[in-house]
Structures are given as structure tokens and as C-alpha cells.
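Each chain carries a letter (A, B and C) given by its place in the written order, and its residues are counted from 1.
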């Protein structure tokens, strides 16, 4: 009975939240705010993807910037150099993401932990170096300019408000899909691989295939996010896609709460919007933000979501100490 | 092709290679003793360079040799503080992701601090370690030679510390088994603090040595930091001789590659090598099984 | 003569210089509880790991119902109908008991992820199927009330039972148990033995590695004894108890045969 009530509350909450998000741009017409919101939506897409491979499956992926760059440049090039409509560009980005997942997933079969994170860093850096130096195709450090805005069957999304509604729609659909995958047998198996990979294999599950699947979800969403970014900014430039960006996405995933869609949304919003809110600190805002994030990493490792689910471990140092004490008594 | 050019490339490659080797040693000793990959290690190097050049040389006008000593002392204290405040808590985390995040944000804090204290404008130390030697037809820069000599000295000192002194033996003990070390009466936390402080000192040394090679700015060490990671894996992760072999081979190969491929793509060599090694021989060139 | 479910011929495993298992052959018949015993370090767990494909054997062949496991990976061997438990529990600690079992049955649901995204109804139906099976098994092992509890919070005995249940999820033909009674108190042990026998009578063959002699002597139909990786005896519990060599090598002089 209680369970059912809770479900209803949850549904009402989600509906209200979506409603607020729909009305917000009408109330606040500052277009700078809209751009930041769009940025947040793009980040949510990428983080949802990262959550599958790193959050659920536990494979350390530090190459998100490279994945995003692939999506951004492929969609941008298809729509500028080849002159296809933007929607085709987005589709191409998704296909590239799918292929990239197969390729990037392959090393994850043989490598784990630190090795995998270093491989993904290597991939990301090579991608960045290539787009920086292949001037004839990518425009080098000048980047690609005049990337067309999205047009939906002739209706051009030329203002950030219009883009906002389109992206909001995409994000809502993706959030529901991601949440369904997490709750399905696939989400469970991803988590199982993180918890105990030997047992998963003993249950007759093809771990290699499953890992590649998780990677593919991450790269598809990463590339889509990159493409969305490119068409929102109308301009891409290799200096965006650095190691710092990859780390930022990890931070978004972690600060909100690993493995859950609400956590991803909260984390992405926090990392994108909080620095803007802290701008009144002027010179110090980025420092303060980093300190806040570091404190979160140390004291609230399960993310903000854990404040509500009761899974938090605030006094963790104390807990580990007593645990050690216990085991020595046994 | 001119043989002299090749020899010059090898010498300067060797110098850079030693820098990569030191970078990979500096994070390997932290990894070995705490199990954490220090993603802020390039920021440690940056801080080292700033403390030396920005603080002691430019603002205070101290003599270089004195500044070197002062920097090393400062970085030792810095290492202890960071170890106590950040690394020891992170070490007990349940998932490595949290620890990665912790060190990443530590790096950002360090960057911001450096920007606030010393400003964001890139600068150089005029005349520091500049100049060249000429041996026959071969021209060698002074800085290359100094890097090679200093690196060998640092490596020898580290080797002595780890193999001959009591502190070093305790460190190796902690690397292998923390519980056993604690039972033997070794204070694991203190030992880790010390390891991180030593790592910070090596970072300072790297920071000082690369000043003539790059302009001093907030991203001075980003590239060598990443290549140092690659070097460690290529040689054999977590294994000090591997780190040296990996670093030197990247440095030399990278420089020689400019004879064949455009200089712009020189930086890809390290990562390409990294991925190839990981796929065909994940235990690294020296194949040290752990 | 009944068919053999597990047939091992000339199985050898060498780890850099050490021969863990040396030329082991055994033939496990259908409808039997076959135990593998031996002192610590005699190669029992290594043998299990080779049967389930965790290690590849240096020499020799393993057949499961006449299918060679030669080129098969761990998960493919599991799909032949081999379930197993581990000596050191391997559970999914962040999840509930029910979820742990549902992962054991993952292969029962065949829908691909991509189809599942679009086929709402179908994925719900599969979820229900997995859940029903998991609830049935939980009831079977007598842990229905712990369905929603996180396994890391459960006591050791129940955790062991859950691992056993997980191995049952995919309708195995052969169940390999690695020291099921280790670490259990007498009443838990009795419960476990009961459930093993019940499972056996339902038609699942059991390959058992165990240290506890009471358990082994009571439930086995055949026993194989290993010492330093070499098979030194094989036979019924009675034969093993009276085998001079076994008593010397393993059971010790003080061991008195128990009445079965």
C-alpha cells in the first residue's frame, strides 16, 4: 500500500518537474540563462551514457571528451561540408557512436581499472590531436564555424529558446529510456559485472558482449550529446575537448549519485549551473566550486541522491575504522 | 640523412625521455603505496615550477641554487599536507571512481590557487639553463645535459632510499601488504605521507628542469603528465625500471619520428604506442607480472 | 550402465613449475553425487576451475554430456547446464537477494537490449518471468522473507544459500559445489545437506568438493580422493573409509570410520 502511494507521489513529482521546465523559459526570458540550460541538457545526455559504462558497469572511462568530439565533428562535417540536413547529421553521429562503441569496447575486454582509464585517455588525446592538426578537414585550431542550427522539417530552431524545447524533449525521452534500461535485466547485469565479474560468467552470461553493449550505449549517447552541442553552439573547436572535459563528466555523474537517472540529472545541473551561481565570488568562484566538489567527493561519495535514499555514508572514516576493529576481533 | 642530426635528436629525446621517466616514477610510487592514480600529478609539477620560478626567482630574487633547495623544502611540506588531507581519506574509498574524482578536483584547486597567487600570464625565467655545447659537429643544449645528469642522480638517490635505508624498506613493505606492514609495527599512514612527499619533491625537480623547455603557465605539465602515464604503462605498470625504459623509449622515438612524419603528429606517438602495447602486451615492455 | 554427465580424461594443470593437477581421470555418472576430496592444496578447486573454464587445462580433456569443453569459454560451459558456487562467496553485494537470483537467470530472458527499449510489453513480460522464477527458487531454499534485503547485510549461512539458489536459476543439469558446508554451524549445515539432497532427487546431478567428512560420507554416491594433484583412490564411501592409502594420506591415523 505504502509502495503504491510512493509511486503516485513520484509520478506527480516528475510531472511537476517537467511542467516547471516547460514553463521556465517563458518566465525567465534571459537568453544567457537559456544557453546555460541547453548546455545542461546536453550534459545530461552525455552523463546518462557515461553512467552505463562507468557508473553501472564500473569500467573506468576517461575518454568522454574524445567520444563527444567524434559526435560533434561528424555531425558538423556532414551538415557543413556535405550539406545534408542537420537531422541526418544527428543520425550519423548516432551511427558513429555505435561503431565507436564496438571499437572502444574491445580493449575493455582485456583491460581493467587503471589500464582501461589510461587507454581511454590515450584515445581521447589522439582524437584531439587529430582534429587539431588535420586542418583541411576540421579547420584545425580555428575550429568549424557556421554549423547550421537544427531545422525540423523546414522549421529552423534559430533561437536558444526553441533549441531548449527540442532538447528538453530529447532529454525527457532519453531519461525515461535510460531509467527503463537501468531497471531492466540489462541494468542489473551491468551492476553485476561491477560487483563480481566471475560470478556473472558462471551464470552463463557473455561478459564480453555485455561490456561492449554498455560501452556502445555510452558512445551513442556521448556522440549524440556532442552533435547536440555542435548545433547548439554553431561552432566547435578542439580546445573544448580536453581531459578536463572528461573529468567534468565524471564529476557530474559522481556528484549527483552513481547509477541513477535522477542522480545524473542533479549532477549535470549542479556542475553546469553552480559555477554560474557562484560568479558573484568573481575571481574565486572556480576555486570555491572545486573545493565544494572535492568535499563532496570525500564526504558524500554516493552523491546527492544518497541524501534521500539513506544510502549515504557521512561518517565513513569512522565506519571504516570500526569495521577494521571488528574484523580483528573475529 | 645527416647522422649528426640524428644524434642530436637522440640526445634531446633522451632528455625528454628522462623527464617522462621521472613523471611516471613520481606517480608510480604513489600508486604502489596507496593504490591511487594521482590524476593531479601534472598540477604538482606545475606548482613546483611556479614555486621555484614565480615565487623564489621572480618575486623574491633568490639565487637559483638556494631557490632549488627552498622549492624542495616547500614541496616536501606541501606533499605531507596533501597526503594527510586528501590522499589518506581517499585511500579508504569503496570505489576507485571517487578517488579519481578526488585527485582531479585537487588538481583544479591547485590550478586555481596558482592562478590567484601568481597570475595567469605565462612567463619565462630569462637565461635559466640556456645555452649550448658543441662536441665536434654535434650541438647539445645545456638543459638537455642537465636534465640527463640530474635525472640519473635522482634515480640513483631513489634507488638508494628504497633499497638501503630503513624508511625505504618500510615503504616497499607497505606497497606489498598494508596489514602485514602494520603488524610489523610500521605506521602505514605516516609512511604513505612520506611517499607522497617524496613524489612531490620529484615533481618539483621535474617542474624546475622543464622551465627552459616550455613557457611557465598553468598547463605547463599537462602534456608531459599524460605522456608520463603512457610511459609507465609502456614499460610495465607499477614497476620502476619499466617506467624508466618506457619514458626513454617514448622520448627518443618521438624525436626520431619527426624525421618521417609531420612534427605536428609527434605527440600521437606516445598514445599510439600506449594503445598498441596495451592491446598486445598489457604487462608492458619489461613484462613485469604483478 | 547409465550415461556419464561429466567425464575427465588425463587432466593436467601446471602453474609455472608446480603441477597442481596431474593426469586426473574420472567418470561421473548421471544420477550421482560425486565428491572430490583431498587435503588442502591437493588441486580440488583447480579441478573445478578447469571444469568451468576459469582456467584452461595444460593437458587432458573434459566432456560434459559428450560435449568437449576444449574451445569453450566459461559462460559457454555454463550454458551447457553447469551451475556452480564458489569457495569464497561471490555475490553481488550492492543488490538484493531477489536481484542476485534474477541475474543468475539472466539467460532465461532472451530479448536483446535494443528490442527491449521499444518493446515495452515484451520486456515487462520477461521481467515478470525472471521475477517469478527467482521467487520460486527463494521459496525453495526457504529464504522468501529476505527477498528485498541487500545480500551484504545477510548472515553468512544465508548468503551461501543464496549463492546456491543463484546456481539453480538456469535449470542446470550439473551443479558444482565448492565447499558448501565450510563456515556453517551444525544446524545450517544440516539444512544445506537437506537442500542438496532435495535438489538431487529433483534430477540435478551434483559434483561436490568438501572438507567436512560427515557431509561427504553421508550423501556421496562416489568419492574421488586427490593428493598432491594425483588421484589416489575412488569408490563408494565405505570403500574410501577403509582404503589404507587414503587413511594414511588424508584422514589421518586417528580417524575412525563412521557408520553410514
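To be clear about the criterion, a residue touches a chain if its C-beta (ideal position, glycine included) is under 8 Å from a C-beta of that chain, and two chains touch if they have at least 3 such contacts.
The structure displayed is predicted, hence computed values, not measured ones.
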By number of C-beta pairs in contact, which two chains lead? A-B
Which chain lies the greatest distance away from subunit B when centres are computed from Cα atoms alone? C
Innermost chain by mean C-alpha position: A
Counting in whole Å, what is the centre-to-centre distance of subunit A and subunit C, each centre being its mean C-alpha position? 41
How many angstrom lie between the centres of subunit A and subunit B, each centre taken as the mean Cα position? 31
Averaging C-alpha coordinates per chain, one finds the centres of subunit B and subunit C separated by a number of Å equal to 49
Multi-partner residues of subunit A (each touching 2 or more other chains): none
Quick check on the complex: what are the subunit C residues that touch subunit A? 52, 54, 73-76, 78-79, 83-84, 86, 90-95, 99, 102-107, 109, 113, 116-117, 123, 126-127, 130, 166-167, 169-170
For subunit A, which residues are in contact with subunit C within the complex? 177, 180-181, 184-186, 188-189, 191-192, 194-196, 198-207, 213, 217
State the interface residues of subunit A toward subunit B in the complex, per the touch definition above. 54-55, 58, 60, 62, 107, 110-111, 113-115, 117-119, 121-123, 125-126, 129-130, 132-133, 243, 247, 250-251, 254, 258, 283-284, 286-287, 290-291, 293-294, 297-298, 301, 316-317, 320
Any idea which subunit B residues touch subunit A in the complex? 31, 37, 39, 86, 89-90, 92-98, 100-102, 104-106, 108-109, 112-113, 116, 222, 226, 229-230, 233, 237, 262, 264-265, 267-268, 271-272, 274-275, 278-279, 282
